[in-house]
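Next come the structures, one after another.
Here chain A shows up in two complexes: once beside chain B, once beside chain C.
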Partner chain A sequence: MVKEIERAGIPVVHMCTVTPISMTVGANRIVPTIAIPHPLGNPSLTMEEEKDIRRKLVGRALKALTTEVTEQTIFEE
Partner chain B sequence: MKLELGYIQIKDIQFSKECKVENGTLFIDPEVVKAFMYQDDDVKAWVKDFSFDIAKPGESVRITPVKDVIEPRVKVEGQGGQFPGVIAKVDTVGSGKTHVLRGMAVVTAGKIVGFQEGIIDMTGPGADYTYFSKLNNFVVVAEPVEGYQDHKHEYEHAVRIAGLRAAVCIGELGRNVTPDETQEFETFGIIEGAKKFPELPRVAYVHMLQSQGLLHDTYVYGVDAKRSLTTIINPTETMDGAILSGNCVSACDKNTTYHHQNNPVVAELFAQHGKKLNYVCNIITNENVYLADKQRSSDWTAKLCRLLDLDGAIVSQEGFGNPDTDLIMNTKKIELQGVKTTIITDEYAGQDGKSQSLADADPLADAVVTGGNANQNIILPPMDKVIGTLDYVDVIAGGHNGSLRPDGSIEAEIQVITGATNEMGFGLLSAR
Partner chain C sequence: MAFKVVHYINQFFAQVGGEEMAHIAPELREGKVGPGVALEAAWKGEAAIAKTIVCGDSYFAEHEKEAKATILDWVKAEAPDLFIAGPAFNAGRYGYACATIAKAVKEELGIKVLTGMYEENPGADLKKDILIVATANNAAGMRQAAPKMAALALKLMKGEEIGASVVEGYMNQGIRVNFFEKERGAKRAVDMMIKKLNDEPFVTEYPMPTFDRVAPNPAIKDLSKATIALCTSGGIVPKGNPDHIESSSASHYGEYCIEGVLDLTPETYETAHGGYDPVYANADADRVLPVDIMREFEAKGIIGKLHNKYYATVGNGTAVANAKAFAAEYAQKLKADGVDAVIMTST
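Right after this comes the complex of A and B.
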């Protein structure tokens, strides 16, 4: 899906836990997430802590989306 | 470490008031098994009732939803007991003598999650995809207490324990029976083995264990594999009940407890041990849901391969999807240590077989054995009798809305069949 959307000329950020698969399938902008069953949250944290995590991940994704890349890039920060 | 297995061939199972094994027939009183299962407090707390049935090869019988398959055994000599750390006390198994009731199994069935459990057909085209159709099966169908829906983990635990207890109860009947055949298995200390077979390549088995949580777990001496680092285990320990299944979705490529007891990779490595290779040990490693865990566990696997001075490793996967990454990480890192690998996996290549087979890949993973394409479609004709219920056929992994047809036949992917594309190579699909 990532590749097809990008083929249509729209940049895509792939947020996922298993970044090696994302690299293998050819995503260009990758943001690592928490865990496979709960990519954008963590049930062991409080609601406030989770909100903080989500905000940071979405922020990172938006930053990745607006960053020019010349090769497949994982945005850790 | 040396283990002797004594095989007692079971050709038939009959319900009886007396419990015994005589001339290859298991006579069993289900009430005795039931009482033994209910001695466990968790079973008492979560299982409302059990019903029992017998399914024999060739009968028009469908068993579903299948949770686990277990071979009844009994420790007759040496350290430890059956299923150490879970049923017997924690003690190292894998040496001494164990009697095996061969040709039969305890099958646990009944709804736990519904979509997570499998199907065993005793005849017809479905039977050709599962080895368990060739066994005399003592089927235990569990029924949960009211309100279990919010406690599925506790209920799964209770049914898992119940199945193991049933196998222990039946296995005990083989204690004083003279085996039809015995076989010995032995591996050596690292230096001892190297001195004994200086010319032979050193080979280990990297045994990947499903440990994703959410009822996809494996237990080693009672330890949940997701909470353990990669470690070493003697092959005879795994043959003697040290590793137990706590998962069954997708049914086709999850290792039941029976698979662990009868791992064909272990069997084949033993068959070549001292002839073509020196079978050093097994390395067990998990398949967790955090990327950091995948990194750490695969790093550790490669480190151990180097530490053991291996020449080669056989890597078997359990499951598919994200575990494909664990598989590829393990393989790549082991190869980079200069140790040759062959991997055993299965494929999700679409119903037409034209899609990419694995979610991950690497050029270093260049020797691959497949258990088959789990997406392959099959039509399972109606059976005269169903043990369990057909209520979950449409939602079982590999089924779809309309899988269960009005005449009782099933159209689904072979994914629904317990053990169909097993990644230890414990399957009936073959190109040979």
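Right after this comes the complex of A and C.
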């Protein structure tokens, strides 16, 4: 799906936990996430701590969208 | 008595001319022409090209019905043991013509056929219907292609059993044949792993589907003016799953308005996704689709706007072809709505 969005001319970032799949599928901007059932959260933390993590991850996704890439790139930090 | 072959080639390989001669109608010539020389040489007298049909690529593409009728008449009159076309390498119209005419000869005259071309040639779409030898993408590959095609052609004419596609060099037709391997699976797997660890070449027994690539789009210049949309394969839907998106092998996607929605709550949103524990997503769907944080960023002016619709489907077991079609469709909607960038989340 990311590839079709990209093909339509819209930059897209893929946030997922299993980044090798994202690489195989052909996403160009990839942000690794926490876990399969809760990519953007962590139920073992408090709501506030969780939001903080989510804020960081979404921030990283936005950073990926504002970063020029020429090849598939995983935005770790 | 040598087997009799009819060979189909285009204007270029017949040395009639290039693009400027692509309009020529089919003509029937005696004996071998162009690449037929290499094929016949490889047959070492066991088969010979009786006739060569030369047809312009544009003519075939634009007058398919007439070209087909003429060529089928000629092939029928000749009654060869085999009809061979090409190889076409990566020439699109030529490859299409080779595959189309070979298929027609096979199906309408019941004559054995063979062609060859590059795997991405549009003609290769017919690989399930006819045997197509995989070749290089340009005519420099003739030296490898001709003997491969000739060998397979001879097997076909002799009525010998055709081996697996990887062995014979034709394009995989998606047919599985049961047979006994010499070595058991565990041994083959370990052998393969050792080769892989030693950086030695090995051949997989289960090739992964090939995925094409799309070049990355330019980055967003000014986030504070950008409209960003959220999409997910994690199955986040309004509570009750109004579009009945399947928990597995989804047949459609949903478009949901989040105008004025600041936070996804357990009362309002849930996941339709099977295959992972839904407890965490059902308790707080922001864990999959971060609407809360996007609203926060929107309010702070970090992003211009969160798009007022999101698109969701379930990734669990969903066919690649379906997923592709879903996104191709909603990407156009996103584009029409002036969305600048997309965050796609997956579980």
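In this text, the second predicted complex is superposed on the first by the 77 of 77 C-alpha atoms of A that agree within 3 Å, B and C clash if a C-alpha of one lies under 4 Å from a C-alpha of the other, contacts with A are read in each partner's own complex, and residues count from 1 in each chain.
Keep in mind that, in the parts below, a residue touches a chain if its C-beta (ideal position, glycine included) is under 8 Å from a C-beta of that chain, and two chains touch if they have at least 3 such contacts.
What you see is a predicted model, and the numbers here were worked out from it, not measured in a lab.
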Does the superposition put A:Met1 against chain B (first), chain C (second), both, or neither? second
Chain B versus chain C as contact partner of A:Thr19, first or second or both or neither: first
Looking at the overlay, does A:Pro43 come into contact with chain B only (first), chain C only (second), both, or neither? second
Per the contact definition in the header, classify A:Pro32: touching chain B only (first), chain C only (second), both, or neither. first
Spot which of chain B and chain C makes contact with more residues of chain A, would you? C
Common ground on chain A, meaning residues reached by chain C in one complex and by chain B in the other: 17-18, 24-25, 36-37
Considering the complex alone, what residue numbers of chain C touch chain A? 208, 211-221, 223, 226, 228, 231, 233-234, 276-281, 283-284, 286-290, 292-294, 296-297, 302-303, 313, 323-324, 326-328, 331-332, 334-335, 339-347
The residues of chain A that touch chain B in their complex are 17-21, 24-25, 32, 34-37
Within their complex, chain A touches chain C through residues 1-18, 22, 24-29, 33, 36-41, 43, 50-51, 54-55, 57-59, 61-62, 65-71
Within their complex, state which residues of chain B touch chain A. 212-214, 289-291, 294, 322, 324-325, 328-329, 359-361
